[in-house]
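Both complexes below contain chain A, partnered by chain B and then by chain C.
On to the complex of A and B.
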C-alpha cells in the first residue's frame, strides 16, 4: 500500500502543479447533483465566478448522483477523505454534526438576517449548514375544479379546516370525474414520506418525537392526536380517496391528465402544473387543529470537520449566499430563494409572480423535521409505519411499534447528545 | 509440517495469492468483524464509544413468547361478543406500561390461534418484522429450490438434443442470467404494474376482460409469489447449463445399450440419466438453496419489504438496519444468524445426499 500511496501522491501533486500556475489554494467540494445537467451548469457557473473573483482560493467540484451521495459522504468520513466543502440534505445535518463530520460555519450575519427559517442548519446552538433555497409543498388544484365542486377557495389566513378538506374530498369523489380525489405521491418512497406527510401528523397535534426533550416518541407518535391522524390516514385509502400503491408515471403526469382533483406536490413540480392548465391554484395545507404545516429545509452547504482551509470554505459559502446567487438557482431550477430580496430578483417569486405563494407558504407554514441526530432512523420508521397503515395495518399497533423502535434507537445512542 | 503441498508448490501459491488475499480481505475478515460487532452496540455513524453488550442484539431479534388470554366476560360471566367473535383484552394494554409483566414490554403480536375452548394463545415477538423476514425467506427457499431445479432440468433435457439451431434456444434460456438482476427487477416491476402492466394487459386480453387488473406487488397476498416467479425465471438458465454439463458427462454407450434392450423413455431417464446426474443434483440443490437465502436485490428494487412486511427477507433486513438505520451491530447479528441457518441447512443437505455404501 505504501509505495502505491506515494505514487498516487506524486501523480496528484504533479497534476496540481501543472494545473495551478496561479497561486490559488485548492478547495475541494462534493455535490449531490450529478446527472442533473441543468443544476450542475448553474453550480459550475457560480464556482467559476468565485474562482475568478479573488486570487486566494480555487474550488474544484466532484459531483455524485443523489442516490449515492449520502453513502459516499459517510464512506469518505470513515476513511478520512472528506473534501473541504460538502452539501447536506437539511434534516440529516444534525446527524452528521453530532458525528463530527462537519464544523460550524463563520457566516456574515447580515447575509442571513432575513433568511427563511428552513435553509438554516442549526445543531446545538451553532450554524453548521446554510442553504441557498428552500422547498415547499402545496395542495395543487384548479380554480375550475373548485367552482364546479362548489368549494371555498382557502387562503393562507384561512386554510381549509379538517371538515372542509373532508368535504372537498367527498365532493371530488362523488363527482365521479376523477380516478382518485387526492394524489399524495405514494409512488415517491423514501424521504418524501416524512417530508410531505409528517406535517399532517404535526397539524393533528402529534409528532415523530417529543420535541421538548427529544428523548422519547411516547405520546407524540402514539398518543391520541397521532391515533386520530393514523385513522384519518388509513381512511384516505380505505374509503377510496387515494391509492396506496401508485404508478410513478401517474405521479408525474396524473394531475395534468385530469386523473386527480387535488395533488400534494412540491414547488419543483409547479412549473409543470402551470404549463398544463391556466387556472392552477397552489393551496395551503389544511389545518387539522394545530395550524397548517408543511415541511421545510432542503440541501445546504457545509464545511467538513477535517478541512484544512475553513477560512477559504467560509469565503466560498459567503459568496454563494449573495442574493444574485440565490436568484440564480431559483431562476434556473424553480427553487424558493432563501431571502425576500433574492425573491424580488426572480420573475416567478417576486410579489405577484406565479410561484410567490410558495415563498409565503415556506415562511408562514414551514416546520423543520425533528432537529436531532436520530432523524435518519425516525424517517425510516415513520415511512414504514405510514406505508403499513395505508395498506391496512392496525393503526394503534403500528404506531406503538414505531414508537418503540424510535425509543430503542434513542436509548441505544445515549440520547443522541440532547 | 513441510509437506509437498506447502513447499514444492511455490508457483501454485503465487497464482492463488491474489485470490486468497482478496477473499481474506473482503470475505473472511468482514465475517469475523460481523461476529465481533454483533456482540457490541457498534453504529455506522456515532461519536459514542463502542460497548460490549453480550447477547443483547440476539435477544432483541429472536425474543419470542406466548401468552394465553381468556375472553372478556361481562358481570354475569358471559363471554362478550364483538363482530360475531369473542372479544379478548387488547395486547396493547398488556405490553405497554404494564408493571405486572415488565418482560412483555416492547413485544408485539406475531400471530394467534385458538387451542380449543374459549381461550386464545398469542405468540408475541420482540421483533415481528424479523420473524416475518425469516418466514418469508424460508417460504422463498422452499418454493424456489425444487421448482427452479426441476424446471432447469426440464430445459436441459429439451436442449440436450442434436437439432438445427439448438444453440439459439440455449442462448435464449440463458439470457436472463447475463442481465443484471437490478435491471431484470426494474423490468419486472413494470410488467407487474397494477394499472398498465404487461401481465395485467395480457391476462385481460386472453380472458376477454374477465380477469380484472391485479396489483401484483401492492397486494400482500400476491407480492411474494410474484417475486418468487420472477426469481425462478431469472436464474433458471444458469442451473440449466449446470444440468446440461452433467447430462453430457453420461456416456452415450449407456443410452445405446438401453436402446438395444428396448427401454422406454421413462426407464432411460429413471435408470440411466438420473443416476448419472446424482452429483450434479447435489451441487444444484445446495447452490440454489444458498442463493435463495441471499434474496435481496429483487426486494430492494421492487417492494422494499412491503406491503405489510409480506416480502421482508433476512438479507434485506440486515442491510436496512446496518445502513438504513445505521445500526451495524443489529445488521451484523442478522448476518450471523443467516450464516448459522445456511450452514446448518447445507450440512443437513450434505448428510441427506451422502453416498450410502
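On to the complex of A and C.
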C-alpha cells in the first residue's frame, strides 16, 4: 500500500499545483534580447520567480532579436496584437507613448523615489516606462598614461576643460606611442552616435533640438555652439587624433592592445578594460563650456495601451523593480543598478567597487536624449550629419541641412504634441 | 594567313577564358570568404580580412562558430521554416501564375488586355508601399484550420505564403514565354477536341521547362530572402524565417564568426536549389521544344 499512497499523494499534489497554475491569468510580454543567452537567462529567472511568487498572474515571454524588435512592436501596434508588457528603449519611449502604443504605469512610487533619472521614462508628465538599469559612458585611460603624459587626473567635481582635453590629445599624439590618441568607437553605428556624441554637442551649448519648445532645431543644431562643436568634431579626424572609420576589432581590443591613449566607451566594456590593465581610470566627460554631459536612459519596461490586464502587468513591473532584481541584472550583465540600494548589493557598483564611478557618472552627468516623439528621426539625422562631418563634409552646410530635415519632420507631424 | 587566323583564335579563346575566369572569381570569392571565415575565431577573422589569408583555411581552424551559432539561435527551425514557406510558395506560384499566363495568351475572353495591363502596372509598386495595408488586412482575415474558423492570419505559415503566390512579374514571364510557343500546336489540339485543361497540362506545361525553372529560381530567391514581411506578421519564434534569424547574431559586439557560420548554413538550400534547377533548365532545353 505504501507505494500506492505515495503515488496517490503525488497525484493529488500535482493536481493541486496544476490547478493553481491553471488559475493564473496569462500575461504576454515581448523582450528585445533574443540571441543574447546571458540576458535571456536572467530575464527568464526573474519571470519564473514572479510566476511562482503569486497565484494570479503568469508572464509568458516572447523574445525578439534587438535589431528586429522596434519594427516588430510597431507592426504589432498596427495589427492590434501587442502583448501586455513590452520593453522599450528609453529615448523612443515618448514616440510610442505619443503614438498611443503604451499606457502610463501605476507602480509603487516608493520603489522609484531614489531612482537614477535615466531609467524613468516620462512623457507628458506621466511615467510610461521604468528601467532596471542605466548605462554610462566614460573616458577610459590608464593612470600610467596620465603620469607619462604629465596630465592632471580629472574628477567628477573638476573634469577636464576643453583646453585641458585638447592638451591631453596633443600630448598623446605627440608622444608617438599610440596609433591614435582617441578611440571614439566609430566602428559602432546607429544609436551609439546620439547616445555617445550628442552629449559633446550639449556640453558645447548646442543640442539636437531646442528643448524649450521642442518645435525646432534652429539655433540648437546650427547655431554658434553647434558650429563650434562641428568644427571640433571634424578636427578630431582631420588632425589625426581619431579615425573616422574603425575596424570593429580595434573597437573591441584596441585600447587593451595599447593602440589608443583614451577610449570613449560604456560601462558594459569596463570589466574588459580592468582585466587588461591594473591602473585603468574611468574619467568624466570633458566640460566644453556647459558642463560635463553623458547620455542616459536604457531599456525600460512598459505596458501596452491595449493590455487587458494592466493590473497584472503593473504587478509584474513592481516585482521587477525590487532591489534584488536590479542587482541581478547588474551582476549578470555589468549594467548600472537603478538605485544606490541595489548598487550596494553588487560587488562592482557598491561604494569602493571597481565600477562605482559609473553610478556617480550616471547620477551627476547623465542627460536624457531629447524627450520628444520626434527623437527617432532626430537620431538618424544626427548620426548621418556627424558621419558626414567626420568624413570631411562642410560643417555649417551639413548642420543646416540636418536642422532643416528635423524641422520638416516636426512640422509634418504637427509638432509631435508639444 | 591561316597561321595568323589560328593565333587570333587562340588569343580570343584565351581572352575569353581569362574574362570568364575573372567573373567566376568575382562571384565565387565572397562564398569562399564566408565559408573560410566561419571556421576562424573572430580576432583572426578580422585580422585576415585585409589579405589573401581571408580566402584560405589557415590559422586556428575549427567548427566552434557552428556550434555557437546553434546555441545562440534555433537555426534548424529557421531553415525549416524558410524552406517550407519558400517551397510551398514556389510550387503554388508556378501553378497559378502559369495558369494565369495561359489564360491571358491562349484563351479569348473580354477584358484580358486591360487586366494584363493592370497586372503589369503592379510591377512598379515597391512592396514597402503596400506592406502596412497588407498587414492590416491579414490581421483580420478569417482562416479555417484545425481549430475551426479563426480571425487573423498572424503567426502562421500561410500568412507568409498566400500573399506571395501570385505576382505580376511571374505572370508576365509566363505570358511572354507562351506567346513564343507555336500557335499551330494549340489550334491542332483544339481541332482534335482537347479541353483547355488538357492543352495546359499535356501540351503547354511540358514545353515550359525553361520558364518554369527561371520563374522558380526568381521566386525562390525573393521568398528565401524575405525579411520585412515576416518581421511584421510573425511574432512567435517557431515561425521565424532565416533572414529574421540573422538578427540574433547582431548584438552590441557582433560575433562575426558565428554570423559567417549562420550564413554558410542558410546558403546551402539556396545553392542546392539553384544547382538542381540549373540541371533541369539545361535538360528541358535539350529535350523539349518544337523545331521547324
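The rule we apply is simple: the second predicted complex is superposed on the first by the 397 of 418 C-alpha atoms of A that agree within 3 Å, B and C clash if a C-alpha of one lies under 4 Å from a C-alpha of the other, contacts with A are read in each partner's own complex, and residues count from 1 in each chain.
Rule of thumb we're sticking to: a residue touches a chain if its C-beta (ideal position, glycine included) is under 8 Å from a C-beta of that chain, and two chains touch if they have at least 3 such contacts.
Computed from a prediction, not measured in an experiment: that's the story for all the values here.
Student: Should chain B and chain C be called a clash or a fit once both complexes are overlaid on chain A?
Tutor: Verdict on chain A: clash between chain B and chain C.
Student: Have a look at where A:71 lands relative to chain B and chain C in the superposition and call it first, second, both or neither.
Tutor: both
Student: Looking at A:289, would you say it contacts chain B, chain C, both, or neither? Reply first, second, both or neither.
Tutor: Neither: A:289 stays clear of chain B and chain C.
Student: Classify the contacts of A:247 with the two partner chains as first (chain B alone), second (chain C alone), both, or neither.
Tutor: both
Student: Of the two partner chains, chain B (first) and chain C (second), which one does A:100 touch, if any: first, second, both, or neither?
Tutor: A:100: touches chain B, not chain C.
Student: Between chain B and chain C, whom does A:80 touch in the aligned arrangement: first, second, both, or neither?
Tutor: second
Student: For chain A, which side has the bigger count of touched residues, chain B or chain C?
Tutor: Here the partner covering more residues of chain A is B.
Student: In the overlaid three-chain picture, which partner chain does A:37 touch, first (chain B) or second (chain C), both, or neither?
Tutor: second
Student: Using the superposition on chain A as set up above, list the residues of chain A that contact both chain B and chain C.
Tutor: Shared contact residues on chain A (touching chain B in one complex, chain C in the other): 71, 247, 249.
Student: Please give the residue numbers of chain C that touch chain A in the complex, ascending.
Tutor: Going by the criterion above, the answer is residues 42-43, 46-47, 71-73, 132, 135-136, 139, 152, 154, 228, 231-233, 235-237, 244-245, 247-254, 256.
Student: Which part of chain B faces chain A closely enough to touch in the complex?
Tutor: Touch list, chain B to chain A: 41, 43-48, 60, 91-92, 96, 106, 108-109, 128, 193-196, 215, 217-218, 220, 304-309, 320, 323-327.
Student: Residue numbers of chain A touching chain C in their complex, please.
Tutor: 30, 34-37, 62-68, 71-72, 75-76, 78-81, 188, 247-249, 252-253, 268
Student: Okay, in this complex, where on chain A does chain B touch?
Tutor: Per the stated touch rule, the residues are 71, 74, 77, 95-96, 98-101, 189, 244-245, 247, 249-250, 376-377, 380-381, 384, 387-388, 391-393, 396-397, 400-401, 404, 408-409, 412-414, 417.
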